[in-house]
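The data blocks that follow each hold one structure.
Shared between the two complexes below is chain A, which has chain B as its partner in the first and chain C in the second.
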Partner chain A sequence: MYGFEAMTFNIHGGYLEAIVRGHRSGLLTAADYNNLCQCETLDDIKMHLSATEYGPYLQNEPSPLHTTTIVEKCTLKLVDEYKHMLCQATEPLSTFLEYITYGHMIDNVVLIVTGTLHERDVQELLEKCHPLGMFDSIATLAVAQNMRELYRLVLVDTPLAPYFSECITSEDLDDMNIEIMRNTLYKAYLEDFYRFCQKLGGATAEIMSDLLAFEADRRAVNITINSIGTELTRDDRRKLYSSFGLLYPYGHEELAVCEDIDQVRGCMEKYPPYQSIFSKLSYGETQMLDKAFYEEEVKRLCLAFEQQFHYGVFFAYMRLREQEIRNLMWISECVAQNQKSRVHDSVVFIF
Partner chain B sequence: MEEPKLQNLEEDDPKSQSLEEQANKAPSLKEGSMSQSLEEDPTPQSLKLQSLEKGDPKSQSLKEDSKSQNVEEGDSKSQSLKEGPKSLSLEENPKSLSLEEDPKSLSLEGRDKIAFSELNENSLQFLDSIDGYLTLLDSLSWTLRQGWLQLASARHSMGESRVSSALLDLKSHNASTFLQVTQQSDTETEQIHHFTLRKWASSDNDNGAPLMNMSPQIRQRKDKDGSPPPLKAETDHQHQLQKERTKSLLMFGGLVSPKLRAAQLSFESALDALVEIANMRSLMLSTFDKVREELEAAKAK
Partner chain C sequence: MEKFIDNLPAMDLMRSEKMTFVQLIIPVESAHRAISYLGELGLLQFRDLNADKSPFQRTFVNQVKRCVEMSRKLRFFRDQISKAGLLSSVHPVLQPDIDLEELEIQLAEHEHELIELNSNSDRIQHSYNELLEYKMVLQKAIGFLVSSNSHAVLEERELDENIYSNDHYGDEVSLLEQDIRPGPSDQSGLRFVSGIICKSKALRFERMLFRATRGNMLFNHAPADELMMDPLSTEMVEKTVFVVFFSGMQAKTKILKICEAFGANCYPVPEDITKQRQITREVSSRLAELETTLDAGIRHRNKALASIGFHRAKWMNMVRREKAVYDTLNMLNFDVTKKCLVGEGWCPIFAKPKIQEALQRATFDSNSQVGVIFHVMDAIDSPPTYFRTNRFTSAFQEIVDAYGVARYQEANPAVYTVITFPFLFAVMFGDWGHGICLLLGALVLIARESKLSAQKLGSFMEMLFGGRYVLLLMSLFSIYCGLIYNEFFSVPFHIFGGSAYKCRDTACSEVYTIGLIKYRDPYPFGVDPSWRGSRSELPFLNSLKMKMSILLGVVQMNLGILLSYFNARFFSSSLDIRYQFVPQMIFLNSLFGYLSLLVVIKWCTGSQADLYHVMIYMFLSPTDDLGENQLFWGQRPLQIILLLLALIAVPWMLFPKPFILKKLHTERFQGRAYGMLGTSEMDLEVEPDSARQRHEEFNFSEVFVHQMIHSIEFVLGAVSNTASYLRLWALSLAHSELSTVFYEKVLLLAWGYDSFIIRLIGLSVFAFATAFILLMMETLSAFLHALRLHWVEYQNKFYHGDGYKFKPFSFASITEDED
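Moving on to the complex of A and B:
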């Protein structure tokens, strides 16, 4: 019954909701970002981060630091927090938390398969995988020659198995097929996650529907823009769009035939939530589109914390931490390349 | 360190100082302003030229020679300044002195004047090539900074796992860009290296030869068949180039961000700039050799 979660939620989810709200208060503030943006070197960034929750993860790193090291250690913190919550969670929250990591799992599968196609060492590829997306037998992916083998040898025993039904072929894997496989898997994952949240019902369904619909719409726009000028046909492009979201189905029909960024803009401006995003951009510009989408996403994720007794706070916290790590990565790159004037091009303030 | 000594010597001789000021004010004489920039330090460009000269022991030795000449012949220096500020360049002073002090050598005047003008021309070419070299270095630095930032922006947008060195293709494949080095003979003994970049090998060619980035050649081939419009040939060429660029980005995935494409274009421009820098450096070294030879020949006289 929607509205009566307060009676029973805290029995199984109260402790973890309190934990995640405590973690949320540890997110970096605008003052922290202002200090970080004024750093001259990566060691200065490390010094400023030592006063935050990232301190214990960076304190033992020797100089000279590298930007990938900072990102790696900050990601480790997120992984530790996630694992603590997962081991404390009961059903259905544990399944919900696992769903959050399937996106990283898909990215890791594609990384291993692509790297193997390019004759890279498997160990080197495993080091580059996201820790949230690791699973047993991931290294066995390197032996597969086509998608059918990929499914039969490895993925049949993973949570991604149900998502392969739409993309199993015997064609040999190449760069374009792998990209289509990635997007097809992600589409199937998003739709499955959406159905799961709908089944949970209540405030979780309401809040997660909004967040996942925004994710699906953003992916549709990114697929459209990235496929402009490539060999991807309109039909193939349409097949990669998810079957839910504000743009489904009429927005997808228009996006499928767009040939340049201005046509995409014309299509998106018909939808009021996205009109505000595209109004920040000048005609023909795509550089600031990512930042505009991230800002809108952060706004929606922060709103998820305004309501209690739902699982959306866990999803929102994970996404906000990932955004924070992206911010730290961008600041580190600008400092390392001595381009501090460009630091505000991509930093999205959370609070 | 050489400039203060030169200035001190000139202060001792007020006549030469006033003549030098007149020479420096002459706007039409580019040589005068160039030589002034060599010996005084008002502008950043001249600072670069000075730093280049300070770093170059050959030019330092040339300056020391001219300085020692100034110590020995103060009045004669002012007379040479009266003739024209050309004498304030890398040229040796005895040549101009001989024109003034020894009237009996007027029979050699024509030969000396030809050598004089050749030396000036080579000196100008040398200074022009230095200027071009420094400008290209600056442009390269800016282009590379832009490219690296765009690459970081693409990594930020697409994710660390999608833009990383772990995805670079280690399979054996043909080069997409070729550098051709030719030797051009400037004189009987002088040879200059010339570098030409040939970008984007076409996968449709059997021998893997690169697409010539020279649209006049394509126009020439087509003209034999009858005259299709050159604009269409240019459009096809651009389309082929775009196809090759997209193909090289496939290692990062089939659907990459526009930021990664922009980074690719920046690095491509940087490669073009590097080849231009190599050509400019080759020209610079060649003209410097000519100037040095002429100065040594003048010294021997």
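Moving on to the complex of A and C:
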């Protein structure tokens, strides 16, 4: 019942909302980033982070640090927090929280399948997987030879199974197929998540539909840009767009026929929210597009915290934390490789 | 009067210690030693002069990092020690002091040694596990093979051949190798893979196998007999031995891949019985061998760990101190020449010679040419608050600090709280039986003080132990109040002689109807025991306790206002005395002071006057005749005068102060702008310190609104606070009623039966109710209400509580936190 969540929300969701808001206040601030950007070595970064919430996770690391260790430990913190929240959650919040991880699951499936295709070691691949997207039989993915087997052997047990209905073919796996599979899965996932949020109703539906629509639109743009110059047909391309969002349906028609980046730009500039993103970029530029999208996303995610009694905060928090870890990774890489001049290239300040 | 107050001996706890802002200029070579001596002394609070710098841009960041690294190693040792199940002994360490560099080297060596030992034992453990698993697989799988064998012989010929062919290959080589050799019967025949897997994964594993081979397989499994150690988590896990029968090459690769994915270890099992026996024997003998090596390794490691554990606590302490010293050094600034460090901080004035002495010692010990310069500076911000408490007063100071730390040199309510707090508690908790129970508890805590303070207590015990002296005073006062109320677990006693009342006749039949008659002098101390159980018990006690509460409240509030007078005198603000203290005193006493007077007069004279009536009609129709409610001659004119005084006091405390402040400000401002030449000298002298530093814009409306809020709060507060003191009566009533109920309805009821069991049950219920409800819950609630009376009703009369605590750099406080 819209507008009346305040009466009953706190019975089940109040504790966790408080928890997640507490976690949010632990996110690194612009001052932290400024300090981090001035670090000379990875030890400096560790030292600075030890004053933040990451402290306990990094304090027992022996001194010659690697970027991967920092990222791994920071991710571990996020995973611990997520698991704690998931343990405390009741329906429908627990389902909502599980939905958040499906995206990582898709990425992991794709990672393993691609890796096996290129004959990498499974253990090595497993280490690279995002811990939030792990499921029991993920290592078995390496057994499968084609999509049908992939589905029948492994994925039928996972929550991703329903999303697979559209891409079960007996074709052998190759890079192109896998990429299409990823996008089809993601499309199905986003649509399912969107429907789920609509079913929840209230402020959750309102806020989440906005966030998910942005996600869908961003993916549509990325698919378009990445598929320019490949053998993907227009119809196939259109099939990969999610069936909601600001661009749906007319924007999708236009995007489907785009042949270069400037056409994409022309089509996107018709939509006021995206106008500002594209107006920041010079013509023909795609490098900074990711960052621009991330910045816009962070802005929207932060806004989700302005309203109370909805589940969007959980989604927003997880995304913000992931962005923070991306930032930390970038900063650490820049510091480790002595590329400090590029440090600001891809760091997105959260506050 | 003024003289008399000035000549009073100074109370230590009344005003916080006089602080001074000092600057230290320390030559670099003696800096470390100087700071560590100061840390031992623990009387100087450093100010961070590098607050704008991030932690890794400071001077001594490398040393701090080294300390962090060392404490990491020490934590690693601690984890290892606890993992090995050793107790880190806290023996007195006889080893001489070593310096940090040596310690660092030692720690690195120890860590290296430990890691090597660990990796060795891990390797051995790994092969041990493998062999153990192999043994299990052999034991269990042979059973399956035999049964399937006999099965096969009966049913299928082909199978037999196949097994035969398997025998041919499967002696020493693993199954993986077997696979590489193409055998003629391999493609078509039935083959098997045997191995071991975690029990938790077995079900999913079987399902996956079923799917992958489309059901063309046979899965046999049996639980392993022994628990296996998981090398990562070092927990014991249950495992399941399995044997999968299948046919075809394709299936084989798939199955092996699935095994790998599930972390199942596959081991070859020969079909031939003699081979099986041989291998089993071999495995067992190697297992025994490995076990001895493993044990020796563990013993060696434990010895190494024990020797580390011997020193660990001391090392940890040392590293912590070093880190604290460097953290403090990081707060200092380099001077221009880079040869000296400049530090600023607060210290109490009495500590100055001690600090100087410590600094001199540091200079001497480090053979420095130049001494440390230590001098007093002017400070802008207000000094920290530092009370020198002892173990008795510290708990009471904590009670006050929990509300707010006193402003610098402000009157400290803790001085009076030491007595008033336990007393008000006791008024609500008056029962000398319960008091004795509390006293015993407090005495136990105090008697075991030295032992308890050394060990780590739980949060609840910690609290109880911290407040042991509060508890002691509370129990003593509740014994006192209990004697006054004449209650011992709600039972009255004739301690101080006989009752003043007796029955009208010998039959004593009219006790509960008409009452008793008084036949001699009143009971000498406290409440007469005869009130107990009489019809007028409650009205009598209620009126007594209510009036007493009002009296106590008025006295305590007056004390609060008096303290505001002492504060104003101390800070020499005559404005506050004239326009705040005086009207407040008049207002409170003309209304509630008068009420208290009436109560006392009524008690002394035994008059029947209705005090409610007197107080209410004092406001409604002050000129009316009092009639039978008159207590003394001239009461009516006195009431009128008091009422007028109270009415005058309200605008008195509201208006003059802001206007006078405004006038002072404009005068000062004008003096500054135009009269500089003539009055500048005087002006500067007269101005208080704070005004010179902060040229705040004087905002009249703000000051006025503030004053208005303050006055309204006081006027309304006078009524509501007095009423609030009635909680003394309410809680006391609740306590005595509750204990009466438990005594009469549980203990006496049970005693009425002539059965041992019922009596026992009654006694235990009574004991539990007394312990948990009366002694714990009631103590807690009385404590909270006493706390509230102090924080709100008493302290809001004078206490600002906006200071900050003095936190000196001290090693003693560092070792307490952490761990």
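Quick note on the criterion: the second predicted complex is superposed on the first by the 351 of 351 C-alpha atoms of A that agree within 3 Å, B and C clash if a C-alpha of one lies under 4 Å from a C-alpha of the other, contacts with A are read in each partner's own complex, and residues count from 1 in each chain.
Keep this in mind: a residue touches a chain if its C-beta (ideal position, glycine included) is under 8 Å from a C-beta of that chain, and two chains touch if they have at least 3 such contacts.
Here the structure is a predicted model, which is why all the values come from computation and not from measurement.
With chain A as the common reference, the superposed partners chain B and chain C fit together side by side. By the document's definition of touching, of the two partners only chain C reaches A:S137; chain B does not. After superposition on chain A, the vertex angle at the CA centre of chain A, spanning the CA centres of chain B and chain C, is 110 degrees to the nearest 10.
Legend: residue contacts after superposition of the two complexes on their common chain; A:M47 is shown touching chain C, with no touch to chain B. Judged by the touch definition given at the top, the superposed model places A:D107 against chain B, while chain C stays out of reach. Once the two complexes are overlaid on the shared chain, A:H12 sits clear of chain B and of chain C alike. In the superposition on chain A, no contact is made by A:K83 with either chain B or chain C.
Superposing the two structures on chain A brings chain B to within 16 Å of chain C, judged by their nearest Cα atoms. In the superposition on the C-alpha atoms of chain A, no part of chain A is touched by chain B in one complex and by chain C in the other. Of all residues in chain B, those touching chain A in their complex are 145, 148-149, 152-153, 155-157, 159-162, 164, 166-171, 242, 246, 250-251, 253-259.
Of all residues in chain A, only 35, 38-40, 43-44, 47-48, 50-51, 59-63, 122, 136-137, 139-140, 142-143, 152-154 touch chain C in the complex they form.
Against chain B, in their complex, chain A makes its touches with residues 68, 71, 107-108, 111, 114-115, 118-120, 124-125, 128-130, 175-176, 178-180, 182-183, 222-223, 225-227, 229-232, 286-287, 290, 326, 329-330, 333-334, 337, 339, 342, 345-346. Of all residues in chain C, those touching chain A in their complex are 54-57, 61, 64-65, 68-69, 72, 75-76, 201, 204, 208, 211-212, 254, 257-258, 260-262.
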